[in-house]
Each structure stands twice: as structure tokens, then as C-alpha cells.
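Once you scroll down, you'll see the structures, which are given as C-alpha cells.
Shared between the two complexes below is chain A, which pairs with chain B and chain C, respectively.
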Partner chain A sequence: MANELSETQKSQIGKQNKKGQTYTDPNHLFFKAPRTAAFYTGSEVIKEAIRRASVDVMVAYPITPQSEAAALIGELYAEGYVADYMRGESEFAVMGQCAGAAFGGARVFTTTAGPGTMRAMENFPMWVGSRLPIQMIVTCRGINSPLSIQPDTLEMYFLLGTGMLMWHAETAQDFFDWMLMGYIVSEQPDVHLPLALCCDGFFVTHTKDTVMLTPPEMCLPPYDPYRSPVVCMDMESPPVRMMRDPFIMKSNYISYMTHASWQEETRAACERSRKHTIPLIGGLIETENVDAEILIVASGTAVSQGREAIRLLEDEGIRVGLVKVKSLRPFPFEELREATKNAKHIFVPEFNVIGWLATELKAALPDNHRIIAGPHVAGGMTMPAEVIVRKNSDLSGVFGYYAAGVS
Partner chain B sequence: MLKKRTNIRMSGLGGQGVVTSAHVMAMAANKDGKFSISNPFFGAEKRMAPAESYCRIGPERIYDRGELVFPDIIMVFHPQVITLQKSYTAPFYSGIKKDGLLIINSNSDLLNDEDKEHLRELNVAVYTFDGTALALEIAGTELASNMAMIGAVTGISKVVTMEAVDLAIQERFGKKYVASGGTATLDEAIKKKFAKKEQLLQKNMATIKKSYELASAWAESRKLAAV
Partner chain C sequence: MPPEYRDLVEQSTYGHEDRGWKDIGNSKELIEAHSLCAGCPESMAFRYILASLPNPEDTVMVGSTGCTSLVFPMVAVHNIHSLFGNQNAVASGLKRALTVRFPDRIKDVVVLAGDGATVDIGLDMTLQAWFRQEKFTTICFDNELYANTGGQESGLMRKGFVAKMAPTGKKFDKVRLPEIARESGCCYVVNLTVSKPSLVEKVIKNAVLLAREVGPTYIQLYTPCILEIGKNSMEGLQEMRDSEKPGERFNYKEYITDEAKQYLADLDAKKKSAVIPAAQLTE
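Right, the complex of A and B next:
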């Protein structure tokens, strides 16, 4: 069954927490509860999601552009909506402290971005191997020098291989819904993995947009740590046993086998998350007019810019379809093959210099000569819809931002 | 099809309330029942460093975000945007659309002949006014310069109603608002200037209204159409 609650969690439904919020059945909260419109920045929306998420612990490190979200959740802690809140001394420390809290049975939340994410990187595969269902917001800002604090999704490329669940939100609305839904998926016993919920910093976090919010008096049922598929903090059982005294040190067949099979299992757990994720976020991809010969396939706010480009192209009489990739891990292989089967040209606009989504697509889709990587903007540059339009009308070449954007 | 949209680019310096202005304009449009999005663009938060923000207003859902490369309206909050090239595009009016509007907060004419020729070719209306002097005169602080700018753009373009601006100002300054460290410090600074929050709201609105009236009269004298 998808998205089941444990008996302990079910027994909490209808009861109130100390703030007077009612623990609400997630499906009711997501799909039936009344919603009201708010005009908020993405950071404010992150706060509103956490208000409703029954989070036990947040560890904060205020790297730009996540500082407002971290500070706003500090307010929630002061108001009593988050059980515990602390500031880590570095990004690396934050992620270790998150692990500690999750090992101890808490529902954990943190935010990160750019160079901080890179600094903390060692922790993410450890979270995966330890099956810690931590939710980490990545408000992407790029990682390269010269420094940028504007949206650039390069850090996501490095997260792709960590084994974490990875979703890429387009809007603050995605963010609000997916933060709450993310905990439900992450905490399933057959998944029980951390989620990197990514968005493009500034374009989502600092942008004011209309968001439909669930009632503040309803919240998620609390985390039930007994749903963990591995024993909590048991020094003699995997995975802690392996960290304390790595089998690999013994250099025998069993040690390698244990290690290899556990990696297989964590990847399998990621794949198993599909059945929980699909009914909640409405599929791993979203499609529009995929019978068109030209498609734009994108994730994050590149989807938004694609939507604007499609409007402009429509004015020129060119029909273009759209595929929004919502989940990157698990990667929607079958869904993408089906959605792109009619396409002759597949454009992949991205907010990073390397084009990691295009690389993923080229490995996944048949006849990958159809895939035209780009346009790419990097270092926080904007991708005006006009640039995507120019890329569309120039099937052969690479169009730089300056060539098309500023004239 | 892309429906008529008003794209406003605001260029100023850190500390002038450029980000706040875009948020207020977008909130006002939202209260008018229009679709709107506002987002800022700045580097490390630093006084006097270039800061830009963008406000998009239209009759249908807006997806577009990020730096506004092709604006209908450009608002220059500080002379240094022009004289020291403190904007994210060069020249500061790069990308402005035909029949656009340029609003400059300055007590003198900062445009050279080349600028004027380019803007004339595109039929861009240029409104230069001393918003900071107006803010000092009415609110008693140059920190209200952004309010004068909001009044000016509303007066000329009528892109939002004054009722909606009033509501947006109340929402922004009337309740507890958590922003980044730099913005919070500025908010505290201006609150100290006014004994009561009501006084802050009233002075802000008075500045906006006066600027609105002056700009409306200017637009009428030039027979400029509202957007």
C-alpha cells in the first residue's frame, strides 16, 4: 500500500499538539482540506510548510540565499511549533547534527545551498546508508568561483549520486506541497531515505507569488521512529555497526558483499519510493501537448521559462510541448520515454553550465540525437523566454546568453 | 498567447528599498486581482552596492522570473545607477521596450545626448523628479524615497490602484515582518524615526500620494496613456 501510516501514527489522528494544531490524515490535509491564497516569498512558504510538518528538530546554518528560511523557522521554534532548533557551527557540522537527531528518532529539517552543500557533501551518502529520512531544502545558488549567490543548479549535479531522493520544485506552491508530502514518502519503512528538495534560489525563495495554503490548525501526524527499517542507534547492527567498525577493514568476501548489497538496497529503496510519490505529487513528470514535434524538457524554474517561451512560440505559430521533470531520484525513465516518443527535437534549458539534465536524458532516451542541450545560463544569469525561443529557431547551433538576450 | 504584461525593472542601491518597492507593487497588483510576481537580484547585502528588483504584472498567470531583460518601465532609484553604472545591464536602459517609461530619482538631468537620442527613437517617456527631496519634505526621511518612487510609477502608469497600494503598505509595514538581517536593521531604523507604526504608515502613504499626484499631472500634460 502507498503512503500508509503506522498504528501509532493513526492513533494520533484527530488529537491536538501543544500548539492546538490537529494531527490530520495526510491525504485529507493534501487533497481535501480547504486552502486559502497567500501572497508570500518562497522563504515564507517554507516557514508555513514547516509550521504544519510536526518537525522535531531543525539545525540551521544561514548560508545565502537560505538565510530567511532558517531565520523564519527560528521564529517558529520561538513560537513552539518546532520542538528543537540549533545553529550548527558549519555546514558540515549541521549535516552531522541532523544525522544525530535523526538517529535519535526525530523528524529533522535543514536548509542548505551552494558551497555549503558541497562542504557538507560527505554526510549525504552517510544519511542514505543509515536510512535517515531527513528533509533537506536545497535553495540552489551555484558553487563555482567567481562567487554567485544567484540561482545556478550546479550543486544538484553532485547530489544526483548520493542516493538521496531528489525532487526539483518549480514554484513556491510545489515547495509547500512537496515539503509536507516529502516527509510522508521519506518515512515509509520500505523507503526511509533522506529527501533533497531542491529549488532555484532567489527565483523561488525571494520571489513573491500566490500560494494556496492548507489551514494552519492542521498538521502532519508525528514521525514514528519505529518505522525505521534499521535498528535505532544500535552499535552492533547495520548501519551503525558498519560505521563504527567497518567490515571493509576486515577485507574478506563477506565484508565486501555486505557493503555492496547495502548499496543495492538503498538504491532499491529509492526506486520503491515511486509508488508513494506518484499519487502524492501527481507523477514523477508532468506533461503538456507531448504530441508536438518539438518538446521542452526541464526541471525547476527552467520549466517556468519554458512555459513563457511556449506562449511566445505559439504567437509565431510554432506548437511546442512541455515535460516538467519533478523527480530526479528516482529518475523517471519510463515516463520520459513515453512522453518523448513523438518528439523530433527535445530542448533542455538549464540553469547551469554543464547541462546535467540533458546528460541524464541522453543516457535515458532512445535516438538521443534528438536532444539539444540548452540554452544554458550559469552563475545566476537570467534565462529570458526569448533565449529559449531563439534556441528553438536555431536547431544547429549553441546560443549564448549575450548573443540572444541583450540586444 | 502572451497577454499584455507590464514588466518593471527597478535599479537602485542597497538600502534604498528597491526590493521592498517591487514587493509592494506586486502585492498591490495581487490585491487588485491581477497576477503578479516580484523578485530581487542583489549580491552580498551591502549599502550602496547595486540592487535590482523586478515586478511583473499581468492578466494571466506569470511564470517568468529572474532579471528583467526587456522591461516596459525602468525605475532608477539613485543617480549612481547612471553616473557610476550601478546596474546589472549597461547602459541602465538596455532592453527597454518601445513606448516604455523611464523614471529617474534625481535633482538634475543625468542623461547624455546619446542616451536621449536612443530613448527618443524608442519613444520612451522620461520622468525625472527629486523623489528623495519629496521624501524628506513629507516623511522627514530620505528612507521614504522608495515610497516616492512607488507613487510616481503608479501615478503615470496606473498599473495598480492607490487603494491596493494602501493595503499593500499596511501589510508590509503594519505587521511583524521577518526579512534578512540587512532589511530588518533598516526596518528598525525607520521605525525608530516614527514614534508609532501608524505614523510610519501614514507618512509613507502621504509620500506616495503626493508623488502620485505630481506624476499623474505630468503624465496628463504629456498625454501619456496608462498601461
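Right, the complex of A and C next:
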């Protein structure tokens, strides 16, 4: 069954927390509760989602462009919506503190960006192997030298192999909904994995948008740590010795097999998340006019720019379809194959220099000569719709010229 | 249930208020076999510490990579190994989560890690947890080198010692972590060896009880790596005794704040008043 609650969680539904919010059935909260429009920055939207998320512990550390959101959660803590909140001493430590809190059975939230993500990297495969359903917002920014704080999604490339669930939000509305839904998916016993919920820094965090919010007096049911597939470290269950002999140093088959099968299992858990995710976020991808011969496949704000380019191309009489990739892990193989089966040209605009989404698509789709990686912008450059139009026109042979500075 | 588990239920000392090292030999220990080198003093240290924890039924331990991490899988209190050097960060998050989840109960958190983990790779997290006054105990198994990776130089190694990665001898002094701990906000700091189980018991009990209420505590234990310093299995104890003589590196050293002293004195007084004098019993 998708998105089940435990009996303990069900028994909380309808009860109030100490702020007077009512623990609400997630499906009711997401799909039936009345919504009101608010005009907020992405950072404020993160705060509003956490207000409704029954988070136990948040660990914060300043780095642009997530500092504002992280500080706003501090205000929520001061108001009593988050049970504990602290500033760590570095992102490596922050992710360790998050791990400790999650090992101890707390619902945990953190945010990071760019160099912070890279500094913390050692933690992410550890979170996965330890089955810690921590939610981490990644507000992507440059990781190159010279120092840059500008939007750039290169850091997501490094997260792809960690084993975490990974979603890429396009808008503040995605963010609001997916943060709340993310906890429900992450905490399912057959998933129980961390979620990296990524967005393009500044474009989403620092711009204002109209967002439809659920009522502030409703919140998610609390986390139930006893649904974890591994033991919660609170000495509330018998401390059976985990193993007779630690596997780490052993050079024998059973040791290799243990490590291999656990890696397989965590990857399988990621795949199993589909059945929970699809009904909540409405599929791992979203499509428009995929019967067209030309498609734009993108994630994050590159989708918005793609939409705009499609409108401009329409004016030229060129029909182009759109695929928005919402989940990168699990990767929507089948969905993408189906959505691109009619396409002759597949353009993949990205906010990073290497084009990791195009690489992923080339490995996933048949006839991958159809995939045209780009345009790529990086280091904070914006991606005007015209740039996508040019790339598109150029390679599809309609008309062509080359835009300097854009490859 | 396997006999080993039944023994834990029926013959271990969870919940015994006066548990201590003397239970070793006539109760089920919280540590089973271990895979340390034969005669490694770390194994004695583990046994004494696990026998001395005041509240093992509600204690969670946090370890780090190193020789100690080979022992933890066989320890019968919940314990976390995650990465090398992050133990005090993990313990900070853990203690906070347990405090949020069990506001009316005592849940002790005890870190136990090697000197490389505590002083080198994890130093910032060790110190920052103390600065923040996180309420848990940090125990360092100081064997003065990186044992698990084959005997490389560590910050707690003696100056001049020739080791891997210190081919002409270590160039700087043994880091004075006990003093640093005192200055960083620990209310109770002890530097000792594990040659005397009764002393280890007293120190560990104090450290855990103080960390509950007063503030962070730090215990540095000499657990010589007999393998890397070229000693035989039988020679660990003598090595510790030699190093605790006056003027030596592990001569017993204790720092305690006035507040911590007062807290222990109050605890003591409470305990004494709770015991009915023998004279009254006979009447």
C-alpha cells in the first residue's frame, strides 16, 4: 500500500500539538484541505512548509542562498513549532548532527548549498546506508573557483550517486508541496531514505511567487521511528548484538555479500519509493505535447525557461513538447522512454557546465543521437528563452546562429 | 532466543544501581567476545567501562572508526558507528533527539573513540560540542597513534616517537587535550590509564552522572597499542603502570569545577541518607 501511516501515527490524527495545530491525515492535508494564496519568497515558503511538518530537530549553517530559509526556521523554533534547533560548526558537522538526531528517532530537517553540499558529502552515503529519512533542501549555487554564490546546479551531479532520493523543484509551489510530501515518502518503512530536495538557488529562493498554502492550523502527523527498517538508537528495544564479528575488515565472501546486498537493498528502497511518490507529486515526470517531433526535457527552473522558449517557437510556427523531470532518484526510465518515443530531437537545457541531465538521458533513452545536450549556462548566468530557441533552431535546421558565451 | 540473549536478560546487570567492575566474572557482561589483538588494553577498558555505566538500560554510545569500531558490534547497548571523526557531532544530535523524545526520562549518551578520531580529524567537533555545553561524556582511547590503519603518527603521540608518517620522529608535543577540555567547558576531565579497574569505575560513573546534569565531561584513557609499540600480549598492564608514575604522561590528573564537585557531594549525601544505618536495622 502507498503512503500508509502506522497505528501510532493514526492515533495522533485529530489531536493537537502544543501549538494548537491539528495532526491531519496527509492525504487530506495535501488534496482536500482548503488552500489560500500567499505571495512569498522561496525562503518564506520553506518556512511555511516546515511550520506544517512537525519537525523535531533542525540543524542550520549559513551559506548563500539558503541562509535566509535556515534562519527563518530558527524563528519557528523560537515560536515553538520546531522542538530543537541549533547552528552547527560546519556542514560536515551539521550532517553528522542531523544523523545523530535521526538515529535517535527525530524527524530532521536541514538546508545547504554549493560548497556546503560538497563539504558534507561524506555523510550522504552514510545517511543512506543507515536508513535515516532526513530531509535536506539543496538551494544550488556555484561550487567552482573563483568563488561564486550564483545559481548553478553542478553540485547535484555529485549527489546523484549517493543513494538519496533526489527531487528537483521548479517553483516555490513544488517546494511547499514536496517538502511535506517528501517526509511521507521518505519515512515509509519500505523506503526509509533521506531526501535531497533541490532547487536552483536565487531563482526559487529569492524571487516572490504566488503559492497556495494549506491551513497553518493543520500539520503532518509526527514521525514514528519504530517503523524504521533498522533499529532506532534509543535503547527502547532490546540491544541485541548486531553481529558476532564485524564485517568491515573481513576478506571473505559473507562480508562482501553483506555489503553488496545492503547496497542493493538501499537502491531497491529508492526504486520502491515510486509507488508512494507518484500519487503524491503526480508522477516522476510531467509532460506537455509529447507527440511533437521536438522535445525539451529539463528539470528545475530550466523547465520554466523551456516553457517560455516553447511559446516563442510556437510564434515561429515550430511545435515543441516539454518534459519536466521531477524526480532524479529514482530516475524515471520508463516514463521518459514513453514520453520521448515520438521525438526526433530532444533538447536538454541545463544550469551547469557539464550537462549531467543530458548524460543521464543518453544512458537511458534509445537512439540517443536524438539528444542534444544544451544549452548550458553556468556561474549564475540566466538562461533567456531566446537562448533555448537559438539552440533549438540551430540544430533542428530551421534557422541558425550561434550565441557567444553560450555553448 | 539464543542462549546468549537469554543470558543477557537473566544474568546481566541492567538496572542494578550498584553495578560495577566487580560484577565481571559473576554476571553476564555487556560485551561478548572482541576482535582486538590478544592482550590489547582496549579490551580491558571496554569491559570496565561497560561494567561501570550507571544506566546501561538507557544509555546510547557513539563510536568512531578505529580499533574500537571492531568491538562495538558486540556491545549490548545501542551504539552508533557512522563515520570517522564525527562522533561528537552525532552525539550532539542524538542527545538532543532523545531529550525531545523522552523529556521525563534519563537517556545517557557516551562517546567512545580513538585519539585520531578525537584529536585530529574530529577535533573541531570534539571542541565545539564542549563549547556548546552538549550534555554527554566523551571518552578517548588514547593509544598515541592510528592503530587501525597500521600505526601512523597522531596528535596525541609523544614528540620524537618514530612511526609511520613520522619517519624521523614526531616533531611536536603530545596535544594537551585534557587542558584544552578544561578550557573548552568540560566540568570534569580525567587523564588516566586502565590499570586500576576501581579507579576507572569511579571516573566513568562521575563522568556520566555529571554529563547528565552539569555539563560535558572528558575522560582520556591510556590504552597502549601493544602491537605497534612492540610489546607482547602480557605486557600491556606493565606499560600502563610505567606510564602512570609521577611525571609520566598518564600520571592521574583530574580537573573538576566547583559546581561539579558540589553536585557529586550532593549525590553522595543523598545516597548515604537513603541507606538505613545497620544499627537501625537490628532494632
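Here is the rule we use: the second predicted complex is superposed on the first by the 383 of 407 C-alpha atoms of A that agree within 3 Å, B and C clash if a C-alpha of one lies under 4 Å from a C-alpha of the other, contacts with A are read in each partner's own complex, and residues count from 1 in each chain.
Everything that follows uses one rule, which is that a contact is a pair of C-beta atoms (placed from the backbone, for glycine too) under 8 Å apart; a residue touches a chain by one contact, two chains touch by 3 or more.
None of the values given here were measured: they were computed from a predicted structure.
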| request: Based on the superposed arrangement, let me know which partner A:98 touches: chain B (first), chain C (second), both, or neither? | output: second
| Now for A:153: first (chain B), second (chain C), both, or neither, which partner does it touch? | neither
| message | Quick check on the superposed pair: does A:385 touch chain B, chain C, both, or neither? Answer first, second, both or neither. | response | first
| Given the touch rule stated above, what does A:305 touch, chain B (first), chain C (second), both, or neither? | first
| said: A:111 in the overlay: touching chain B, chain C, both, or neither? Say first, second, both or neither. | reply: neither
| After superposition on the shared chain, which partner residues are touched by A:273: those of chain B (first), chain C (second), both, or neither? | neither
| Does the superposition put A:57 against chain B (first), chain C (second), both, or neither? | second
| task | Identify the partner contact of A:72: answer first if only chain B is touched, second if only chain C is, both if each is, neither if none is. | result | first
| message | Looking at A:130 after the superposition, I want to know if it touches chain B, chain C, both of them or none. Which is it: first, second, both, neither? | response | second
| Complex interface listing, chain A residues touching chain B | 39, 41, 64, 67-68, 71-72, 75, 149-151, 202-203, 206-210, 301, 303-305, 307-308, 311-312, 314-315, 381-386, 405-406
| task | Name, in rising order, each residue of chain C that touches chain A in their complex. | result | 4-5, 8-9, 32-33, 35, 57-60, 62, 69-70, 72-80, 82-83, 86, 89-102, 107, 124-125, 128, 132
| request: Provide the residue numbers of chain B that touch chain A in the complex, in ascending order. | output: 1-2, 19, 23, 26-27, 30, 35-41, 43-44, 63-70, 89, 94-95, 178-181
| query | Within the complex, which stretch of chain A touches chain C? | reply | 56-57, 59, 83-84, 86, 88-90, 92-94, 96-106, 108, 122-123, 126, 130, 225, 231, 233-235, 238-246, 248-249
